[in-house]
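We just call them A, B, C, D, E and F in the order they show up, numbering each chain from 1.
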Amino acid sequence: MVYLTRRERFNAAHRLFRPDFTDEQNLEVFGKCSNPNWHGHNYILYVTVRGNVDPQTGFVVNLSTLSRVIRERVVDKLDHRNINLEVPFMQGRLASTENLASAIFDELREAVAALGAELYAVRIEETENNMVEFRLEK
Amino acid sequence: MVYLTRRERFNAAHRLFRPDFTDEQNLEVFGKCSNPNWHGHNYILYVTVRGNVDPQTGFVVNLSTLSRVIRERVVDKLDHRNINLEVPFMQGRLASTENLASAIFDELREAVAALGAELYAVRIEETENNMVEFRLEK
Amino acid sequence: MVYLTRRERFNAAHRLFRPDFTDEQNLEVFGKCSNPNWHGHNYILYVTVRGNVDPQTGFVVNLSTLSRVIRERVVDKLDHRNINLEVPFMQGRLASTENLASAIFDELREAVAALGAELYAVRIEETENNMVEFRLEK
Amino acid sequence: MVYLTRRERFNAAHRLFRPDFTDEQNLEVFGKCSNPNWHGHNYILYVTVRGNVDPQTGFVVNLSTLSRVIRERVVDKLDHRNINLEVPFMQGRLASTENLASAIFDELREAVAALGAELYAVRIEETENNMVEFRLEK
Amino acid sequence: MVYLTRRERFNAAHRLFRPDFTDEQNLEVFGKCSNPNWHGHNYILYVTVRGNVDPQTGFVVNLSTLSRVIRERVVDKLDHRNINLEVPFMQGRLASTENLASAIFDELREAVAALGAELYAVRIEETENNMVEFRLEK
Amino acid sequence: MVYLTRRERFNAAHRLFRPDFTDEQNLEVFGKCSNPNWHGHNYILYVTVRGNVDPQTGFVVNLSTLSRVIRERVVDKLDHRNINLEVPFMQGRLASTENLASAIFDELREAVAALGAELYAVRIEETENNMVEFRLEK
């Protein structure tokens, strides 16, 4: 089994908060990440697909195609955006990295299957110290 | 001459725009960086000081002290903040990386001199591809 | 299933040797890593936990809490220390990276469970070329 | 179970193409990677083995030995070489990263077993954005 | 004075050799870098310009424009190419990193001036261990 | 003027202390870096030389030769060593990174001149946050 990973990047603003909390409650639970004036990150996204190698091409999937799919479905909707306010697939969800990884997985699963591979993992590095991976159940 | 560099990090939201421009004008000049809903970055800050080595300590300056000065005067005011709205030393200035590097240089110059060294450069990596350095004139 | 990784760092001295070996025997088996005068590393530690996302917070675990637990139980006992002489959970064990990863896993397993997640992996990068991961059996 | 990873590097030229295709057909399928005049990469290779820790040494395998095996069997045959023309274990195969990872896995499997561990994964970073991993079936 | 750096990347094949040398002579002087079948690298290019900050925009130069200029004049001619055979500005020159940095500096100097800044340095990382910088004389 | 940089690495133990201080005094001035049981680092060393490009070879200096010189004169004496106890050119000096950079500069200056170039800078990264550069006076 071969695993293929494509790295993409996006810069976005976000805020961790619950609208049913006061700012004080949000501060208590989410700390400085709840700043009402937003903060932001250079998110690094790793999308891992797996499958068999096509003997015609030597590829699991064509990386140019995979990169285009990730950009069209995910990165273009996130880059230089406010995750809480502007990203369709994050509406109504807390803008945590866990939820973001899960939502990106959902956005990509069928499109990767259509390329003939299986989406295996979506990994996001929010900072150099904090990383989240949503991985296919095994 | 010995140059000593300390690396610090902060995550912040910002927007490139001029209040005397319409959103359309801002978009034309600043592109997606002008998004009214903000975006953000993991900024990496390198502060370089220079001076002679103290024979008593083997140090140009004590790095713990330098790190504390940078955090108190700069990083604590920027981290998890909105650069346009919340950072005192950026009020009334376009939130470009060039202006940010210059403003940080001004915030640190005297404090570094008080430690017995000369502030030589402030370098900011906004993304892995874009870097700005404000350097002492030579 | 969501995997959350926190990166921490520590600098330490160590030496690979068996007290029941002569220095010559240690040199033969462990090479320059057996130097009786010690050497050291900037160890990079990745702690990966897994679990379900709490719908109240969007978190698997709160990363601030996880970071505090890792620092209190592991990093504060290793940083700027001699692994052979000063680290309680490495006493009587060869100071190899394999043993260190295993010992850190043991130090953290219950504390992570108390946070409501499962400790999945402890990964240590001893140098940019050498890495060890102790992973939950599957 | 402990996983041990060794990182090695090699610089090589290659070209993606099928000899049964015209240059035009190769260009259509493989894009600029099919340039008849070759291009090249700084390949980064991660070899991961797994096994039990030897209580005598604290090692899964001796990393110096593992590094030597990887260099003799793989890196010395690839470094500063043309993958299509000069690498014995890639003859007759499309020079894709998927095929290269698979071929390196085959080159190393028995040699790692002879060291008393199991070869678990061969990971190649072709660029900072494109990575392939050939992993033992589970 | 503010220094602005843009990072770009290209993958290329090359060979160090003199056509007036035999392969044996080339091997003696250039070692494995003279392999007649080529080898290649992931080159990382840092272009540094300097100038005053435009008070209208907060920029030394617009980074999007600078990036476009670098790609059009340099990267598009190098990426996935053979430096010896296909790069116009390297014809007749030994394909060393020193010569490449110098040639890229020449390709960019006027175009950067036309943007209202001064080209200060062209830095190339050929591998993680080898870097060359061509810098404006001072 | 062309600047050529070679990166090398070494792992070593050290301790910041003055023998004329008590352990308590050393702790007050040098903090945890004065631990009598040592600690250590993965030091990264960047040696930058400058000169004209030899038209015969396209090189400022041959990087293989430069690397060999650095390893023989510097790295082999530091790697897997105790800087305070075992490194000839650090005897009688405080084992600070500033002093280490300065001493390495002295060790290399003549040898680089013998290669036909000028030693310009010695840069040491002690940790990812702390860097020192000893640079030729200008």
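The definition used in the following text is that contacts are C-beta pairs under 8 Å (C-beta built on N, C-alpha and C of every residue); 3 or more make two chains touch, one makes a residue touch a chain.
On a predicted model such as this, the values are computed, not experimentally measured, just so you know.
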{"item": "Contacts common to chain B and chain E (chain labels)", "value": "F"}
{"item": "Those chains which touch chain D and also touch chain B", "value": "A, E"}
{"item": "Chain of greatest Cα-centre distance to chain F", "value": "A"}
{"item": "Turning angle required so that chain B lies on chain C, C-alpha fit (0 to 180°, nearest 5)", "value": "180"}
{"item": "Same-site or different-site touching of chain E by its copy chain F, using the half cut", "value": "different"}
{"item": "E-F, D-E or C-F - pair sharing over half of the B-E contact pairs", "value": "E-F"}
{"item": "Chain centre separation (chain A, chain C; CA means) in Å", "value": "28"}
{"item": "Per-residue multi-chain contacts in chain A, two or more chains", "value": "128"}
{"item": "Chain-level touch network, classified as line, ring, star, complete or other", "value": "other"}
{"item": "In contact (per the touch rule at the top): chain pairs", "value": "A-B, A-C, A-D, B-E, B-F, C-D, C-F, D-E, E-F"}
{"item": "Contact set on chain D toward chain A in their complex", "value": "16, 18, 29-31, 93-96, 98-99, 101-102, 128-135, 137"}
{"item": "Partner chain C, residues of chain D touching it in the complex", "value": "1-8, 53, 56-60, 63-64, 67, 138"}
{"item": "Contact footprint of chain E on chain D as seen in their complex", "value": "9, 11-14, 32-33, 35, 37-42, 79-82, 85-86, 127-128"}
